[in-house]
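Would you mind keeping the following structure in view while I ask a few things?
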Amino acid sequence: MDKDKYFLNEKPGKLTYSGVFKRIDDWTRARSLWVVAYGTGCGAIEIRPTFTSRFDAERLGMRMAGTPRQADVIIISGYLTVKTLKRVIRVYEQMQSPKYVVALGACPINGGMYYDSYNAINKLDLYLPVDVWVTGCMPRPEAILAGFKRLQELIDSGRADGWKKYIENLDWYRENQKKIIKNWRMPNYNW
Amino acid sequence: MSKEEVRLFIGPQHPGITGNMSIELLLKGDTITWAKTHIGYLHRAFEKLMERRIFIKSFPLVCRICVPEPDTNEENFARGLEELAGIEIPERAKWIRTLVLELSRLQMLIMWYGGIAGSMGLSTPVQWGIGDRDYILDLFEELTGARIYHIYIMPGGVRKDLPDGFEEKVLRAMDMIEKKLPEYDEIIMENAVVQKRLKGLAKIPKGWVEEMGITGPVARACGFPFDVRKDSPYEAYDQLDFDVITEEGCDVWSMLLVRRREIDLSIKLIRQIIDKMPKGEFLTRLPNVLYWKIPSGETYVKSESTRGEFGYYMVTDGSDKPRRVHVKGPSFIHGITLAERLLVGQNIADVAPILVALQICPPEMER
Amino acid sequence: MGLKEVLKPLGAWRQIARRPHTILVPTIKREAAERYRGFHVNDLEKCIGCGTCAAVCPNEAIDMVKVEGFEAKKGDSGYRPRIDYGRCCWCALCVDSCPTTSLKMTNEYIWIRDVPEDFVYIPGYDIKGFEDKEKGYRKDKEHGLTNYNRVPMRELDPGERVKSFAEVVIGYTEEEARKEADRCVGCGLCIAGCPDRMHIPDYIRAIASGEYERSVNIMYENNPFAELCGKVCTRRCESYCSIGHEGDPVAIRWLKRFATERFSDLKEVIKVRKQEPKDKSVGIIGAGPGGLTAAYYLSLKGYKVTVYEAMPEVGGMTMAGIPKYRFPFPSLKKQVDFILSHGADLKLNYYVDPEKFRELMKRHDAIYLGVGLMKPWNLGVPGEEHPNVIYAIDFLRKVNFNEPVEIGKEVVVIGGGDVAMDAARVSRRMGARVTIAYRRRKIDMPADHEEIEGAEEEGVEIWEKIIPLRVEDAPEGKVKLVYGKAKMVDQGPGKRPKPVLIEGEEYEMVVDRIIVAIGQQADLSFLPEEIEEKLEVERGRIKVNERQMTSIPGLFAGGDVANRVADAISAIADGLRAVKGIELYLKGEL
Amino acid sequence: MELVERLKKKFEVIGFKKQRKDLFIVETTKKDLIPMLFYLKEYEGFRTLTLISYVDWIEEGKFQLSYILWNSRTKDNIIVEFRLDREKPDFETIYRMWPQAEAYEREIHEMFGVNFEGNPTQHEELILEDWDDIPPMRRDFDTLKYSMERFGERESKSGINIRKEISEQYDEWRRK
Amino acid sequence: MVARIFYAFLILLGGIAYGLLLGGISRKITARLQNRRGPTIFQNFIDVWKLFRKKTAISHGVMFYLAPMFRLVGGAGTFLLVPIVVGHPYLSNFSFGGDLIVIMYFMVLGCLGMALGAAESGHPHSPIAVTRGLSLMAGYELPFVVSVVVLMIADKTTTVEGIVRAQQGGILHWHIFTHPFAAAAAFISLLGMMMSYPFQVVMAPQEIPIGPPTEYSSSFLSYMFSGRSVFAVAKYVLFMDLFLGGATNLGWAFLKTFLIFLWPLFITNVFPRFKLEQAVSFFWTWPTLIGLIDLIRIYIVR
């Protein structure tokens, strides 16, 4: 089969919702956040307590999804190296809309401890549309949960539209991504 | 890669991997015929960053080298600097450091104990383990002011004294964990399916241990009593009474046994430490840290982490920044040299338990 | 696999009867630990903007920014730390190294935003609602990264001191000096305190790393009297020291003394760049520290310099006014010799009168007046002309020049400044019982507190709140001081309380000598009339512009005669500034 | 006979230091390194290779390679090191002696640019991906500059260095 | 007929809802076992709705699209063939003579459809999981067939309804008591059918996350989700009919299916998973042998 046919290259059309459905959609989306199981950085160590018995994020309807296809949220847990960024972009583009990005820790905001490292990016929002930023190093599970609470509020009120921004400004994001990922061997994903 | 072989990547985005790394496998049916470890997803260039930071600025940096068990790094770094700068630290500091190290080992082992079950799909003890580990993190929070990155063992001693009543709290937590452990054993060690799966799994040839530089619980599971705490005692370990735990099975089950017994050992050691903790000063005053220069020299300091021998090779050149700090994490050998060889011939289903048993921690491999 | 192993795991279901230990965050907010390293708070009033936090931050997360309402003032740079939570790693090194302990951490830990730009934060200025949290990481003063304890300076025993004019301060050993110098955090706030703007952090750092020659060279860049300053400087800088807010300030003076005293031959140590000779000449009236500083730098710049001094020795007030137990003569000689070795002419015993002054004006292209304050203020009470009432500077000069002076057995010194202390301590050394009488309280005394302490250790009595009313003659060659007591009247905030005489009470004391040390004034009688007319004088001091030039072109002034601070280091500063002014003037650019 | 005496007899020992009671540091030459490692492994009981490390002495134009060995019987560590020409950093592999050396050498090749002749995998990427600059662990590689150029920095930084600022203020005063 | 279809549709919806609810309950119970609170029991409804309304743009070919439908149809078919309340005009569903064999065929249909779709998805995990799933199916089908054959021979019928009717007349007439070994074999194979640990080799997240549905998302996943839950309910109902004497009204049906639902849950949370070959060899030895005891007993009793 032709490789291109596997992946739709054009951008999807706009989705329109009518009032009630949109309301229900937002409500359920806020309460059913599946997080892709990808510990991208050191924050992964605090994600474990968050999702296990002591803090139990499942109370809020969150659970780990083994594959990006089924996930709604990707947690960028701390710094991102260039090598991981490539995978993260790939994971993010494999996720189905609507999808959200939560950035944990100081590092994705402005480089954090690794502001001068040649292998860690400094500003995540250049490459991915981040919906909620939680600072801390590492953010405690309480802070992570509060961050998710914030994300839920945003989704519930229909304001978490990072994924739309990503589609609309795809060229800009791509340009930034390609600037630091030198060997762009990635398929053009559909959404 | 022949026609009937399938190439499969375990990781980096994979619930069964022990961190942000990946293992490339060639499969023939369910059997692995070739394995290759890919790392670098967490490479932050610590060693490079340390070369351009003054010594005190490296101190918050080093604990991030191994995320689940940061104190080994802090202790190693501090001890190396003390050796090079010729600083004597107070007796109490040594004991507090030992306490912190053992607490840290205990929390890691409890998490690991649940984790080995989790690698086979048994998620109940994972939840228990990480939940109970949190009580030790609470202790850390009270002692050091942070849950994960303690930034506590600084050159010259420790940063703060034990808070009031901390000893009792530690003992209470130890009692609680000790009471909980039989339940873990029931569901993990005495579980028919776990035994069936782990006994005889991934036998390491005994000759590999010294040849490859395998250390820590993996070496001890092969019958080699390698334990830095005993071999070249650091901090207060020479004043503690304990035996090196070994098992003869060389398989994952033995590694499980060794670590299970080390949980008991850690609890025992913590009790001893609290018992023998001397009073007094806990920090020697450093020179002005902003301009601290250390005479030129080189050294290799090592300590026993949960995963094996953790070493710091340090070279100073008389300036206020280290010339070179090379971190030797035990996972480098376990994760690359050993895992690549050990996985060959195993079933795909056993990859996760083997990786967990080797306790591969990617951030310390690539630093 | 036996049946036991199949059934055992089922025992885990016991757990279901227990209460889960889940903490219901974020519904329930959990308080973090007592020393949790959470978000920062800063006491802006206490903070001095020294930037130590920014220097120690491993991530360059801390920026120093100007904050409204906090202007640069004494010991305060006017900057305040701004923390970027996109950089911070919560290591609390900033807290541990904050010299004033104003920067703290709370145990607050939740900070969530939708926009990444919102993570920049000026603690204390941006109100976030957790400012008054009690718990959080605090600096432990004993175990922080700042060393608050000064290495004590060894001194002669007080009993030993009064026996001779030997130097009181013994000086640091090399080890002590390096240890003391190492306390400096290098913030540079002290530079603002120094009238001469010496590169204090630089030379202290050089001492700490053992590079003494470099250290002295740095000092000589703008102070040719470094050793003098190392012994007798009023060390305003130390009151600016950031460490001094919570502990002892770095002993800048003693360190300077240590470094300069190490070298007996300054010529070998100090590398000067002498410029090619120029055909302009400058006259300097008064060989005090200011004048000699100007002479030093002008001669380095290649000008022809002539120094005119009325006294038989150079050094001005430092020679005549400072007792030898503080500033030994050989030390002065060493420095003056070095300064003069660069080509300046010296004319001693050259008393300038109006005639000579006119001549000098013609002879030289520019004149620098560094005449100092040689005329003592009068007490302003009846009976002051009594022969047993002497003036402190006269007294000190006579002692220093080994002229005979008789003070008897019992002396009262009136005044609370450094000169009063010197007079009192010199009198002690001459065997008298000394009392200091001061209008205000001891804490109000302008004298250096170390001097006051030293005086007290040596057995000088200090009487507070005493206002002399009149001086009367007393039998046996003694003199009687009649005085009243004062009460302190508060003058409102920011002003020091005023002593007001309590009417109706009179006391008296009979002593051998009354030494008056309430200040000096300028004696400008040597100026020709036409110059004196043109010269603007403001409250007893010659008015100069920022380049030390008086209202008369080509006539520069500095030192005590022109500034209000009246100490050696500001005289040196004036001299240094005048050099630049003179240089510009002679080039025709001023 | 002491270890150093035995070593000196057989090999060129440039420097020897007993850093701790269980840590020796031996400096030798490029030529003698591999024989010495072999001797230590086979005859002295230093059977385990713990680490291969590298130091850049850029001022002297040398690289230093340090081999840390461990003796499981006497519990001693020994650091065997030598200096390599920085211009032509070629050396030989020891992975036939110790299998883990393969990965260590691969890392050194990647981060430091030393060429280990005979190592079959050293050209494969281990940590970095698509690296196109000089090997990053060399001291002449400026990581801050690289990071700022490539990853940028949030504009919120004021860029004020207070110490510089203060001293500049006073420099201005001095200029007056 | 229209009414019957309408009611069947309603029953199907009810079955899906009940399945989702049971899923929610199982999550809650699991959470309690794991020392935590867990989500609300309605969490699965929320998940399904969210997935249903999520966008998707993944395309791997027609079979890829159809697989979830196969799954749903397989589940719904099984469910609609098993009588919930025997004799009830609507709740006995579409059961008919000889339906037990059809049911067993339908139970395989879903898996096969899934296998086809997953194989189309192109993700390497999916084919591995599919081979595993099919092997496992071969494993657990054997003891199940053995025990069903026991029942068919014992009751001399091939209809579920017949088997239910044969168990009437008191609790001791239930097959779980009359044919305990066959029942044991069937209940062990139920663990395999329900993909509960230790036989969870198909979706093994630590090995091949997460098996066949790896590439599926959005509404496909929600179909799969509801298909799976209705399939589970169908199995519970079938087991209730086969071994617990069926139900005379909905109340009993809920109670008995709930009891059956607890059984895999009881095992799944305290055992890790077998390897595939371990699982298959387990099925082919212990439960099959146990089931054969009853088969032999029936012949001997005869």
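In order of appearance the chains are A, B, C, D and E, and numbering begins at 1 in each one.
Criterion: contacts are C-beta pairs under 8 Å (C-beta built on N, C-alpha and C of every residue); 3 or more make two chains touch, one makes a residue touch a chain.
Every value quoted in this text rests on a predicted model; they were computed, and no experiment measured them.
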{"item": "Chains touching both chain D and chain E, listed by label", "value": "A, B, C"}
{"item": "Minimal step count in the chain contact network, chain A to chain C", "value": "1"}
{"item": "Required steps from chain A to chain B (each step between touching chains, minimum)", "value": "1"}
{"item": "Higher-contact pair (C-beta pairs counted), C-D versus B-D", "value": "B-D"}
{"item": "Chain separated most widely from chain B, comparing mean CA positions", "value": "C"}
{"item": "Central subunit by CA centre of mass proxy", "value": "B"}
{"item": "Maximum centroid distance from chain A, chain identifier (CA atoms)", "value": "C"}
{"item": "Centre-to-centre distance between chain E and chain A (centres being mean Cα positions), rounded to whole Å", "value": "35"}
{"item": "Intercentroid distance (Cα basis), chain D paired with chain A, Å", "value": "38"}
{"item": "Inter-centroid spacing, chain C versus chain B (mean Cα positions, whole Å)", "value": "54"}
{"item": "Rounded Å distance between chain B and chain E, as computed from the means of their C-alpha atoms", "value": "44"}
{"item": "Touching two or more other chains - residues of chain E", "value": "31, 33-37, 205, 209, 269-271"}
{"item": "Residues of chain D touching at least two other chains", "value": "128-129, 136, 141, 143-144, 154, 156"}
{"item": "For chain C, residues that touch 2 or more chains besides their own", "value": "9, 12, 15, 20-22, 24, 32, 55, 58, 60, 84, 86, 89-90, 116, 186"}
{"item": "Pairs of chains satisfying the touch condition", "value": "A-B, A-C, A-D, A-E, B-C, B-D, B-E, C-D, C-E"}
{"item": "Complex contacts: residues of chain C adjacent to chain A", "value": "20-26, 29-30, 32, 58-61, 84-90, 109-116, 119"}
{"item": "In the complex, chain E residues that touch chain A", "value": "27, 31, 34-40, 43, 46-47, 49-51, 53-61, 122, 205, 209-210, 213-218, 221"}
{"item": "Complex contact set, residues of chain D against chain C", "value": "154, 156-163, 165-167, 170, 173-174, 176"}
{"item": "Residue numbers on chain D that touch chain B, as the complex places them", "value": "19-20, 22-23, 25, 47-51, 53-56, 64, 66, 68, 70, 72, 75, 77, 79, 98-100, 102-104, 125-129, 136-137, 139, 141, 143-144"}
{"item": "Sites on chain C touched by chain E in the complex", "value": "9-10, 12-13, 15-16, 18, 20-22, 24"}
